[in-house]
Each structure stands twice: as C-alpha cells, then as structure tokens.
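Next up: some structures, all given as structure tokens.
Two complexes are shown next, each including chain A; its partner changes from chain B in the first to chain C in the second.
Up next, the complex of A and B:
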C-alpha cells in the first residue's frame, strides 16, 4: 500500500515543481480564486519585509497572517516552495493514516452491529467489505494531492495549504484517540483561521465514542470528559495566543487577523458569497447582515450534532465543507480539503441523486471563473454581475453536493435498519421521499 | 428544489429525457437555428439608442471648413511618401510641429514568426508618428485618439491630409477637455500594436519599440480613419476587433447619428440599410449583414486598426470612406464635420463609455440584437449536448449500479480510478484523452518550430511549410488516435465508447460555452456544425456515414465553408480552387494573428476543439460489440416504473436486484435465474414477466464486463 502512495507523492511533487518553474506560476498566484487577502503569498512577503524593517507587520492593511506563520517563514522564506510541497504531502499522509484508522473503526462497528443483528435481513449489498475499503485511504491521499485545486493552491503558495495540514493532523490525532494532541491541533487550527472552532463538536463526539461514554446530556461521564477536552483546547489556545503576543509583544494581530475574518473589510472578489453582497449594501445595514452571514458557519453545527451524533466523522466532513462554503475568504484550497473526503463516502454513490449534474456544474463553474474574470477585468465588456453569478452557481453546486451526500448518508442508515426493500402497508413498493 | 428531491417528478423527467431524447434534440437544433435566423427579422430586433447622457444629442455646431487644405496636405504627403519610400518622418514632424502639436516618433521593429506572403513582410521596421494636442481646459489625464494608417502605395493619403487639417482646426478651438492624439501608424496592425504596447508600457507580443516619450493620459476612445479618395459616396464602419471583441454600442451610435445629421450614407459590412423591412428581400438583406458580422467576428481578426484598442479597454471603431459609382458625393468638409462632431461629443464624456451594450450583433446600423436575445440560440444548441449526455449517463448508470466515483474530475478522476481494480471503460479513457491532447499540442507547436527543418528538406517557402505542416498534422491526427486506440482499447465494450462519448460531449459543451462568452460568433459557428454530428456519432450503425459527417464538421471544414459563405455574401463568389487558396491564406493569417496580436482562435482550435473532435473520432473508431436492443432500446415499461433507469444514480432500491453481480457476468439467458442472488438474504423476486424481460436485457448488457460480486464477499466476512 505504501508503494502507490509514494508514487502518488512523487507525481504530485513533480507536477508542483514543474509548475513552480513555469510561467503559469505567476498567473496562478494572482488568481483571486486561489489566493484570498488572508492567504496570499504576496502579503506574507510584505509582512516579512515590514518585520525586517522593525515595523509591526500589522501596521498597514496588507498583512493578515498569524504571528506564528510569519515567524515560520521568517526562517524558511528561502525554502518556501519546499515548505508548501511538504505541507501538501504531510496533509495527504495524515489523511491517509486517519482514514486507514477510520476504516478499521467502521468495519469493527459494522461487525458488531451484524453480530447484534441490528441490520435488516436483506441489506447484504449495503454491507461494506474490506476489499472495497482497502483502497479508500490511497484514494483520499491521491484526491488531495492530485486535485487541481490543491495543486493551484500550492503553486500560488497560498497559506491555506498550511491550515489544511493542521486540520488534517487534527483529524489524525482525533482518529488515533489522542485527546491532548487533538485539542492542541484544533487550537492551532482555530488560531489560524477561527472557523475550525466548529470542529470541536464532531471531535468531542468521536472521542467520547472511543471512550464508550454515551453522548447524553444527563450522563456524568459526558460532562467530565467534555470539560476535560474543552479545558485542554482552551489552555492550548491561550498558550498559543500568549506565545504570539510574546513574539511580537503587541496584541495588534487580534483585530488584524480575527477582526479581519469576522468583519470582512476587504471586498476583493473571490469565490465566496460575501464580497458582492457587502459591496452592494448600504453601510448601516452591513453589521446586521454580517452577523447573519457569519452565523451560517456556526449555526449548522447544532442540528448536525443532534442528527449525526452516531457518525462524528461524517459530521466532521459536512462541517469542513460548510466552513469552506460559508467562510468569509474562501479559496479553492479549502474546497480541496473536503473534496479529499469524497472517496470515503464512495459507498453512498448509489444513493446520490444529482452527482452527475453537480460535478458538471462544479467543473463548468471552475472553468468559467477565469473566463468571466477576463471579460470583466481585462476586456471590460462584462461586469461584476457575471462573475458573481458564477460564484453563486458554484456555491449552490457545493451546497447541493453536500446535501446530496448528507441525504444519501441518512438514506443508507435508514435502509440498513429498515431493510432495502420497503413496502407500504398495502404491500406495494415504497419509496423514501424527502419533504 | 422539488425537481431535485421528489423521486416521482424526477422519474417522470428522466423517462421524458430517455424516451423523447431524439425528438427533443432535433427540436432543440431546429429551435436554435430558427432563433438565430429570427435575429435578423426586423420586429425581433431593437432600435439602437444612445445610452450615454454626455453624448445625448448631436447638438453641436460643426464649423470645420478646411476641406481644401486637407486635400493639399494629402497631395503634399503623397509626394513626400513617395520620395521617402515609407512614412515621411521629417515632413510629418515638421508639419505637425507647425500646427502646434507636441510631436513624437516611435520606431519599432518586429520579426514575424514566419514570412507573411500575402503582405510580403518578414522583418518589419517602421516608425509611428504622433502629435498630441494638449487640452486647454483640463490636465492631461484623459485623451482621444484619431489614428490613420500610413499604408503603401496611394492608399490613405487623403486620410492623413484630413487628419492634419482637423488637427489644425482643433488647435484653434478652446473647448477641448481631453488631449487629442493624432497618430500615423506604419505597417497597419503591427505598428498599432507597437504603439499601444509602448503607450501602456507593456510587452505582450515580441515587438521591439523604443521607449515612449510623450503620453496624454488614459485613452477614452479612438477612431481609426481610412480614406483613399478626394470625395466619398458613403462610409463603412468596422466594429469587430481582436478575438471578436466589440466596442461599446454607443460609439457606433454616435457615428451613425452624425452621419445622419450630415446626410452621409453609412453602411455596415458594406451593406446599406433598406428602408422597407416587411418584405422578404429586406429580411434576406439584413440576414446577410448579420451573417457577415458573425463570420467576421468569428474569425477573431481585427477588422481594422481599431481592433487592437479594444484589448486595452479603449472603445474604438474604424471608419472607411468609400468612393463608388453613386451620383451624390461628399467632399472633405462634410467628412471633416462628421469627425469634428464626434470628437466634440466624445470630449464631453464624463466617464468611460460603459452605459450601452458590449455584446451585440448588428443586422443593420440602426437595429441591434443584444446578448440576452441571441444567447438562447446558442443555448438550444448546447442543450442538445446536455440532453445527449444525460441520456448516455442514465444508460450507463443503469447497467452499472456499483459504487464508483468517476467522471467527477474529468481527467483527474480518470487517473484516480486507474489505480483501482481495472474496470474496462475507465482505464481505456486515459490513452485516447492523452493522445488527442498530445496531437493538439503538436499541432500548436510544431508548425512554427519546425519550419526551418521543413524548408531544408522540401522545396517550399517558410510560409508554405508552416501551413502545409498544420494541414499535414491535422490530417495525420485522424489516423493516429484511431490506430493507437485499437491497440490500447483491448476489449472494446459498449461501456467504453459510451463513457468516451459522454466525456467528449461534456468536454465539447464546456469549450463551446466558454468560447461563446468571449466570442459568440466563433462559439455559434462551431456549435452549429459540430453539435448535431457529435450527438449522433456512435460506432454502430452506418459507420461510414458518420465518418463522412464527422469529417465534414471538423473545424477546418467549417473554416473552408465559412470562407465560401463569406465570399458568397460579399458577392464575390469564388471557385473551389480559389476557395482552397483563400483557405491556405486564412490558416497562415490565423497563425500570424495569434503570434503577432494574441488572437486566441488558433490555440483554442488546436489545443481544445481539435482534440475534442478527435475524441469523437475515437468514439467512431472504437469497437462496439453493442447489440442494438440491449442498451439503446428502452426497457419494457409495463408493470410499473421501477424498471425505468433512473436519473443520475439509483433511485429505486428494487433496481438493485438487477445488480450485475447477480448475472455473474455470464451471458446467461434465463432471466429469473440471473436475478436470483446468492447470500443469506432473501431477495425479493420480481414479478415474473418483468424479471424475465430485464434479466435478458442485463445479461446482454454485461457481456464481457467483469464486476466483482460484493454480495458474496460480504457473506464471507460475517
């Protein structure tokens, strides 16, 4: 199993190295779809030179990275390309190991449920087999490494790749059941981009399941473990933030990073939903709608936690997708992270309804982004509405994709317990309908 | 959302798409074509109107009266041009200086990638002369351009004369708020590109020019003037620019309004507008005008010197004076007055021209068709591809219920799945894709890179070598994928070609959609030819008919046909041989346009459309051991809908009973046996008649397709 992975890594690294040397690199790194104001490499370089000049990098309105990133690149600026290639590989390997673990867990659980006779008698074809699951980790790693989105993000040296690595390590730590490392990486991810905060819930549920603690609000063990995990998380977060403070000896980075994420002052077009809306809006409404837009990311956690408390990893996948859709400065690198998980849910394929249309939609939109950008910015013949229309379509496509997977997952669970061949009361064939 | 989640409606929809696929496709094609033909019909078009407030009316009192002076300048210029054998730099400098302009010259040089035989140039050296009239009423932040090409022979001398006369008149006026640049560019488009690049301080092509010393702010609009006679009978206006980009409609409106004010006749595509509109000849006339515009725009070539301005976000048109055999002629003063009026209106602009349309088609100068009206014509054509793709997808997913993710990422997905257990139909997608694109890349790079090798070994000139190499590679491409495909495809299965066809249909739809946004005409011309054949092509049935049809709609054939149509429309019919000559010339100019000005038509066709066409060719070449009734025929529908293949994935649990695992890949004929599944569970057997029917179908559909049997494996575990 390791050999194909190594081969995949080699191919991925070669592709990236070639692209770094080609004239496409400059073009890609200027694309708004690939680098947002938060993650653009140009801004990192600007922050570094400000730091070298002895000026606070946050003094202008350019730099919005966290202090740890700037100190990381303070030492590694010479090897930036290497760093980004390594982070991608690390992400892929972490996902590979994590999914390997997850497969074992899934399989054990399935075996247990079969032994307990929880499944309906005629669902044999829904049961997952080790043969089909064997290649899933490899597919996940390759989906991440060879996804054009990841490649572009890496070639543009978007720091989004580093956030992805941290989240991947967080997932790995959670899978391995290490509450401490999981909390530390979650704190790091939160520190980096704030939104991974919502991954607290799925990680907690997963860890609780591993400890065989029932997820019930009345149980004592639940509260003790939750408090422990939360305390670990908060402590590491505080430590990281204090470390940042001591590095720069100022609190400038708090408004400049988190304020920037939450209040979205930079309305440069990107693939997200914010820019057009807030560019058009009257100033005095913007605070209210800002709250409405930002709540999107956090709000879905609660209903999802209730519905998916038995399946924390699927929950985590949906949550990562939601973050990448609704965050304030999304890039294609964020999308690549949740797309890497799609092979894990390959067994849902037969329940997906619109996968064909949706994949066409996403590919077409990805191609139309540069075309409409050209028409708007260079040719001057189209305008921002054209570009936003595609942004909107792209996001609707993503949302439909996620809801398609969500519904397919629920449907499979339903069939597993109720049998594949449902009958109505009068004996005719029944069908599940989502109303 | 109901449509996406309600299974009943989805089923109805998918049944509709499957059952009525061919009629729907035909209907779409007819609708698309009909819609396009309707665009020229008078009641369906809109009257042009001026959107820009600052240019609202033609209420300007033109006082230009230097018609005679213009002619004397022209004669003087002609004399000096003849003497200098090119642009008379010293004379122009002196004259412009005497008029009170700031004069600059800009030498440039450019070596063409291969000699241009039509214009006989290879290493081009020239000088652009321009004079800036500084505006008395504002800082030099904005400017207008009046440009005149200094062509060889007796061409355009009057234009230079008129430009100088206008300069001397403009110099005396006090109302200018924008600088006016008077530009004489040598070697037409090459000089213009050199000047524009230097002015904007960029270098996008490989033209070498000296640094520009004088500038006059951001150019707001430009008019390029071509005039070769002392009197004119009419004006022709050219709008199509590089890559089919068009200037803002307001600029065209402005010109038309002033022509009307001064009583000048004004044509577009050389066609005068007819006053009657409700007769058939009038309709045919405007259709011809529209078709000419579509053909010119589709070529992606700049139809005048203005065409290069558009890339720099500068609205520009070319105005050509025509001297024909009409009775009534206009002198230089009237022409000058028209231009004066235009410049005074442009001078009033408060912001860039942006109010009016950028995407339009002109069936006549006073009527236009906007993007919202003409896009449905294209949309209908693309819909054919989508319908056909859905049809194929449903047929494919019907016979393959196993979980797999494919075609999600196009090429990417294919390479992923290559690592899984080999499934015929997915692995086989990779070689055709790679080979077709490699051929496309060779077609793009080799002709220009290999021209010297070709001239050494064959008795041809460089230019011929390039064109002939293009044609040779193009034709060779027909054989290459065909053969390799035979070797690599191994077990040809129907799934193989269906997947390949599905992929190429989607690929084609994507390309056409993207190009139609940039250059509608090009997209439409390609769509109207390629789409119907792409939809029907398959490796079974009358193969040779399909092959002939496919060859007929290849982009090169479309080009040939377009040239023929164009010559017919400009009422200059050509014989087949002349048409071939023009075709060769068009290929060479297409390449030159790409290398000299950055036209995207050649790379687009070579790297994207041609490989896609080759994919379709591969579909035709693949071996389909496809029994006509197994997949193509609709399964019998009696006994309820569950037998219906569903839209995009499995809808009905019962359909799983026909899982390929059951039939074990063998071609067993007894349907009931095939449907009974091994395993601990008791599969719900189907009603007898239906089961038999479908079992038969599936047994045939899965000949030669090996699929792992998940059920048995699952049993093994517990």
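Up next, the complex of A and C:
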C-alpha cells in the first residue's frame, strides 16, 4: 500500500507546487475563508519582523500565534512553502497509519461480537469485510491531500495546517495506544488552539477500551487510568506553557492567543458564525453571548460521550467536526481535516438520507463565497447579510452532514443487534426514528 | 458697483446750481444701487412640477425686468424640463395649452438637483462659502443691494421641506437674515414664499428692512392652479400664477408699488388668504416700486452740465522707522534632521531565541522520544 500512497503524495505536492508558482497564490492567501486572524501567514511574517525590530510581536493586535510557532518559523521562514507541503504530507501519512490501525481494531471487534453471537441473524450484508476495508486508509490520505480546501489552505500558508498535523499525530498516537504520546500531542494541540481540549474524552474512552477497562463511573480502574491520563495531559500542557514563557520572557502570549480565541475581538468576516452576531450586538450583552457561543463547542462532549462510549473514534470524528463548525475563527483547513475521515464511514452510505442535498449545499456555498464577497466589498451591490446567509447555509450544511452520519451510524448499530428487517408487534414493517 | 461719494458744496465759478448738486446727491443716496434675486424651488419628483414652474416664472419676470444672470441665484431641486416623464421635453409650462414656456432658451440654473440643500441655501445667504465655489453660485451682495428672495415647495407651520429629506425652520431663516444684516449683505429684502402655511415662515423675522409676502396663512393650504391634461400634472400654484400675471404687466419704467402686489390674488381667486408683513420695513410700501426688487433699474439722467466730484482724500503718512533695528539674518529652521538620518546606519539586530528555551525544548523532545521508544535505543546512539 505504500506505492499508491507515495504516488498520491507526489501528485499532491505537484499540485501545490504548481499553485505556489502561479498568480492564484496571492489571491488565495487573501481570502477570508482560508486565512483567519489566528492563522494568516502575513501575520506570522509580521510578528517575526517585529521581533527583529526588537518589539514583542504580541504588543499589537497582529500576531496571535503561539511562541512555538515563532520558534519554528524563525529558522524556517525561507522554506515556508516546503514546510507547509511537508506538514500536509505528514498529516496524510499519520492519518493513513491511524486508519490502518483503526481498521484492524474494527475488524477484531466485529469478529469478537460475531463469535459472541451479539449480531442478529439477517445482517450479513452489514458486516464489513477486509476486502472492502482494504483501500480505506489510502482513500483517507488522498481525501486529505487532494481536497481543494486543503490545497487552498496550503497555498495560503495558513498555520491551520500545522494544527491539523498535530491533531493527526494525536490521533495516530491514540490509535497506537500510547497514552503518554497521546497526552503530549493533545497538550500541544490544545496549546495551539484551545478547542482540542474536547478531544480528551474520546481519546480517554478509546484508551480505556484498549486497556480493557470498563467505562463505568463506579469502577476503580477507570478512575485510576483517567487520573493518570489527565495528569499526563495537564503536566505536558503546563510544561509547554512554561517553556513558551522562556522564549520571550513574558506571559504576553496568553491574552494574545487564548484571550483572543475566547473573547473574539476581531470581527472580520469568515465562514464561522461569530462575526455577524457580535458585529451588531449591544455592548452589555456581548459577554453573555460570548459565553453562550463558546459553551456551544464544549457542550456536546458529555452527551456524545454517554451515547457513543462504545465507538470512541466516531465520537472523535464528530467532535472534530463540531470544533471546526463552532470554533471562533474557522477556516476551510479545519473542515478539510474532518472531511478526510468520511471514507472511514463510507459503509454508512446506504443509511444516509440527505447526502445529495448536503453535497449540493456545500459545493454551491463554497462557490458562492467569493462571489458574494466580491459583490459586497467590491461591487457594493450586496451587503453583509448576503455573505452571512451563505455562511449560515454552509454551516447548516455541515451540521446536517454530521447529524446525518451520526444518525446513519446509530441506525447501523441498531440494525446489527436487532436485525435488518424490523417488524412491529403486528408484523408490519417498522421505521427507525431518532428521538 | 458701489460708489461712495461726498459732494461738497464749494463756491466755484463753475456753473453748478445748488439744485443740481442736490439732485446729484439724491442720485447717489437713494437706497440701493444693485439688485439680486435668490429663487429657490425645494421639491423634487415629477408631481412637484408646479414648484419648478413657479420658480421659473419668477425667474423669467425678474430677468425680463433687467436683473442679469450674474445677479440671480437660481436653485431648482429637480429637472422637470428634461425629466423622463415630461411629454414635452425641454419645456416647462406655466399656462395650460402650452401658452407660456417659462423654461426658455437661456435658463441658468446655479444650484441643481441634490445641491439644493438647507446647508447650501444658508451658505449662499450668509456668504460662508468654501473658496472653491464659482462666482455664479455666490450671493455677492453688499449693503446697497436689494434682494428678492422667492421660495416655493412644500411647507408646514414653521418649516419648509427641502428635497423630501430635510427642513428649514422659520427660526433658522430669521437668523440667516439677521446674519445678512449684520454682515451688511443687503439694503432691503423682499421675501416671497408660496407654500402651505407660508405666513409662518416670516413670523420670526427680526432684522430691519425686510418685507415679506406669503401665499397662505397659518392653518391654510396653498392650492395649485390648473392641471394640464397633456402633461398630466398641475402646472402652477395659484398665488404665483396670479403674481406672474401681475408681473407680466410691469415694465422697467412702471411706477406700480407694493400695495398693488399685496392685492394680488384675493381669497376669491386664491382660496387661501395671502399675507404680508411690513413692520420691519422702513419705507412706506406705497413708496416702494415693484421694480425696486423685481427689476434692475438703473437711474440714468442725461445732463450737459459738468459736476465736480471731490473725493475725500486722506493723505496717509508713510511710516518709516527712524533707525533700522539691525537684526541677524533670518534663516529657516531645520524641520527634518536629514543629515543625522542619512549618516545613521540602520541597526540590524536579529532576534534569536534564548538558549535556555532551545535547551529546554530539545531536552523535552528527547525525553518524549525515549519514553516512547524505550531506553534500549540509547546504546545505539552512544
């Protein structure tokens, strides 16, 4: 399987290199959908040149990257294009290896459940076979590499690619079962952008399952392991933050990075939901709504953990998607990460209900973003409502996509244990409804 | 043009009769020496055709009686003649059946369309105009100017509506006239207004030498005169229609006075009661000629006698200082220390991450690596 992957990597690198040399690079790097105030390349360059002039890069409202990024790019700034291509390749390879492991886990679990006779007799067509699962890792890697969103994000040199790499490594470490590495990468991911904190729960559940510790609130083993993992995670986080202090000998980066993510002062339009609301809100309500919007990201973790505690990797996928949709400064790079996982659940296709309208919505909205931006900003014949309408529609499409996959997943699980042809008590065909 | 003269009577052998001297004095002392007109139409849209026709008919009369375009400030808020809804383009009629085209061939509109705002109007009156304004848009009157001010549009009790978006109040207008008086911008001012409740607009005037006429009292509406079925709108307002008919009878030598103007358009014809105000005016309206305001009548008298004019010459002594105070040569202060800048090389100081940081970071990375892959790899490295 290495050869097709290498071929895919080469194609992706060529596409990116070609785009770097073309005139589209400048156009793409200016698009608000691709670069946000948190991840724009211009700001990184600005921050580094401020450092060269002897000024702290966090002194103004320009630079919102963490000190480790400063360190990374201080030496690599001339090779920026190469760096971003390499990060994309690393992400793809990490996802490839992670999904390979995941396939093994799925297959083993399926075998176990079949032997334990947990499955209903007539679900033969729902059982997954290694043949069908053989190409999934390659598809995942290619989905990530050749996704137009990823390509645009790479050409714009948005540091979102680095965030994606760290999350991919975290997923790989979790799959391999190494709690220590998983905690370290999760700490790094949280340090980069605050939201991967919510990925603590799925990783914990997965690692518990791997250790065959039952996920019960009363079990002692559960609490011991949780405390160990949480301690690892928190210690690494604290160590990284303290290390960052020593880079510039100041704690300036905390309000600049985390304060900025949480309080959303910059209301430049992007594909998220925050900017429009806060642009027209009265001052004394803004704190309340800020809390509501931010809680929205973290809020789904516990209910999903309760529902999906048997399926932590699906939980992780849904959680990453929720982060990408509801974070304060989303870009298309975040979307590319969770879309890369879609081939893993390709077997749910027969249960998806809205896939046609969703794909139409997402494609049309992606195409309309630059059109309405042009009409609003340059032609002056539209206004912010038009752009926000497309943003809303796009996000609604994404949410529908996630909920559709969620429903399909649960439905398949139900069918597996209760049989494919469900009948009511009186013998007529029954319909499955998600309550 | 203003000529200040003092004729001194002096005994001379030249054959100047004292009478003639007095007459000459009278010649230069009568009131005004020049005439201005400010004609304002404040409403836009096609159905307000009649307001433009009102203003243009007064413009036409005033021009016919001698005031040149350079002394007329014409403000029209909308273009009716070239309006796309005008079935007879390039014309503005005041009488139905196309009897009288008040647009003519030589209309000079000074403030057009969206330039007719309350701010511009007040700036014209008070003279507070930006330096880039052309002469045709300025009211360059002096203290010997008689000014005719005609305003028409939609109004109410105490205000006049401009362009359907803003208003001028009677207080503002009165204050503007007071500013004009204090800046010696008029000799006498005749203010005519043809709107609903027009009399409310002149209630607040408090500056001297103003006479005001309005087409209706407070609480009454001014009505329009006649619609033309070919054009589809009302062509004129009643009051101005009858004023126009009245003015058509006037020629530059008429001796008709203001009292006749007050009688124009009685209630039977106008439906509203026209009003006027003369308490601020110093002369008796009986003695005020129509042409004092509506025309630019120059007094010309032919005489074969010579008259000497002795201007008052005041010899000013030139002030020269007795001793020249020697000062040192003045030179311009250095604004920008160029010399200092160009000799200063920019200090390129590259920032480097502190050593402690690099050490700590790499120590951590190595620790993680060995924790993951086990200490047994160490022996391969060392």
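Here is the rule we go by: the second predicted complex is superposed on the first by the 434 of 435 C-alpha atoms of A that agree within 3 Å, B and C clash if a C-alpha of one lies under 4 Å from a C-alpha of the other, contacts with A are read in each partner's own complex, and residues count from 1 in each chain.
In this text, a contact is a pair of C-beta atoms (placed from the backbone, for glycine too) under 8 Å apart; a residue touches a chain by one contact, two chains touch by 3 or more.
Bear in mind that the values here come from a model prediction, so they are computed numbers and not experimental data.
Peer 1: Following the overlay on chain A, give me a clash-or-fit verdict for chain B and chain C.
Peer 2: Aligned through their shared chain, the two binders clash on chain A.
Peer 1: Given the touch rule stated above, what does A:364 touch, chain B (first), chain C (second), both, or neither?
Peer 2: A:364 contacts chain B only, not chain C.
Peer 1: Please work out whether A:381 is in contact with chain B alone, chain C alone, both, or neither, and reply first, second, both or neither.
Peer 2: The first partner, chain B, only.
Peer 1: Quick check on the superposed pair: does A:133 touch chain B, chain C, both, or neither? Answer first, second, both or neither.
Peer 2: Touch partners of A:133: none, neither chain B nor chain C.
Peer 1: A:201 in the overlay: touching chain B, chain C, both, or neither? Say first, second, both or neither.
Peer 2: In the superposition, A:201 contacts neither chain B nor chain C.
Peer 1: Between chain B and chain C, point out the one touching more chain A residues.
Peer 2: For chain A, the partner with the higher number of touched residues is B.
Peer 1: With the two structures laid over each other on chain A, which partner does A:32 touch: chain B (first), chain C (second), both, or neither?
Peer 2: Neither partner.
Peer 1: With both complexes superposed on chain A, which partner does A:246 reach: first (chain B), second (chain C), both or neither?
Peer 2: A:246: touches chain C, not chain B.
Peer 1: Answer with first, second, both or neither: which of chain B and chain C does A:71 touch in the superposed model?
Peer 2: The answer is second: A:71 touches chain C but not chain B.
Peer 1: Considering only the listed stretches 5-13, 23-31, 59-67 or 203-211 of chain B, which one runs into chain C in the superposition?
Peer 2: 59-67
Peer 1: Which residues, counting only chain A, touch chain C once they are in their complex?
Peer 2: 51-52, 54, 68, 70-71, 74, 178, 180-181, 184, 239, 243, 246-247, 249
Peer 1: Any idea which chain B residues touch chain A in the complex?
Peer 2: Interface residues on the chain B side: 4-8, 10, 245-246, 310-311, 313, 352, 354, 358-359, 390, 393, 397, 401-405, 407-410, 412, 415-416, 419-420, 506, 510, 513-514, 517-518, 640, 642, 647-654, 656, 659, 661, 679-684, 708, 710-711, 713-715, 717-718.
Peer 1: Over in the complex, which chain A residues touch chain B? Could you list them?
Peer 2: Spelled out, the residues of chain A in touch with chain B are 4, 111, 114-115, 121-125, 127-132, 135, 138-139, 142-143, 146-148, 342-343, 346-357, 359-360, 363-364, 367-368, 371-372, 374-375, 378-382, 400, 407, 415, 420-422, 429, 431-434.
Peer 1: Touching residues of chain C toward chain A in the complex: what are they?
Peer 2: 348-354, 356-358, 360-361, 364, 368, 371-372
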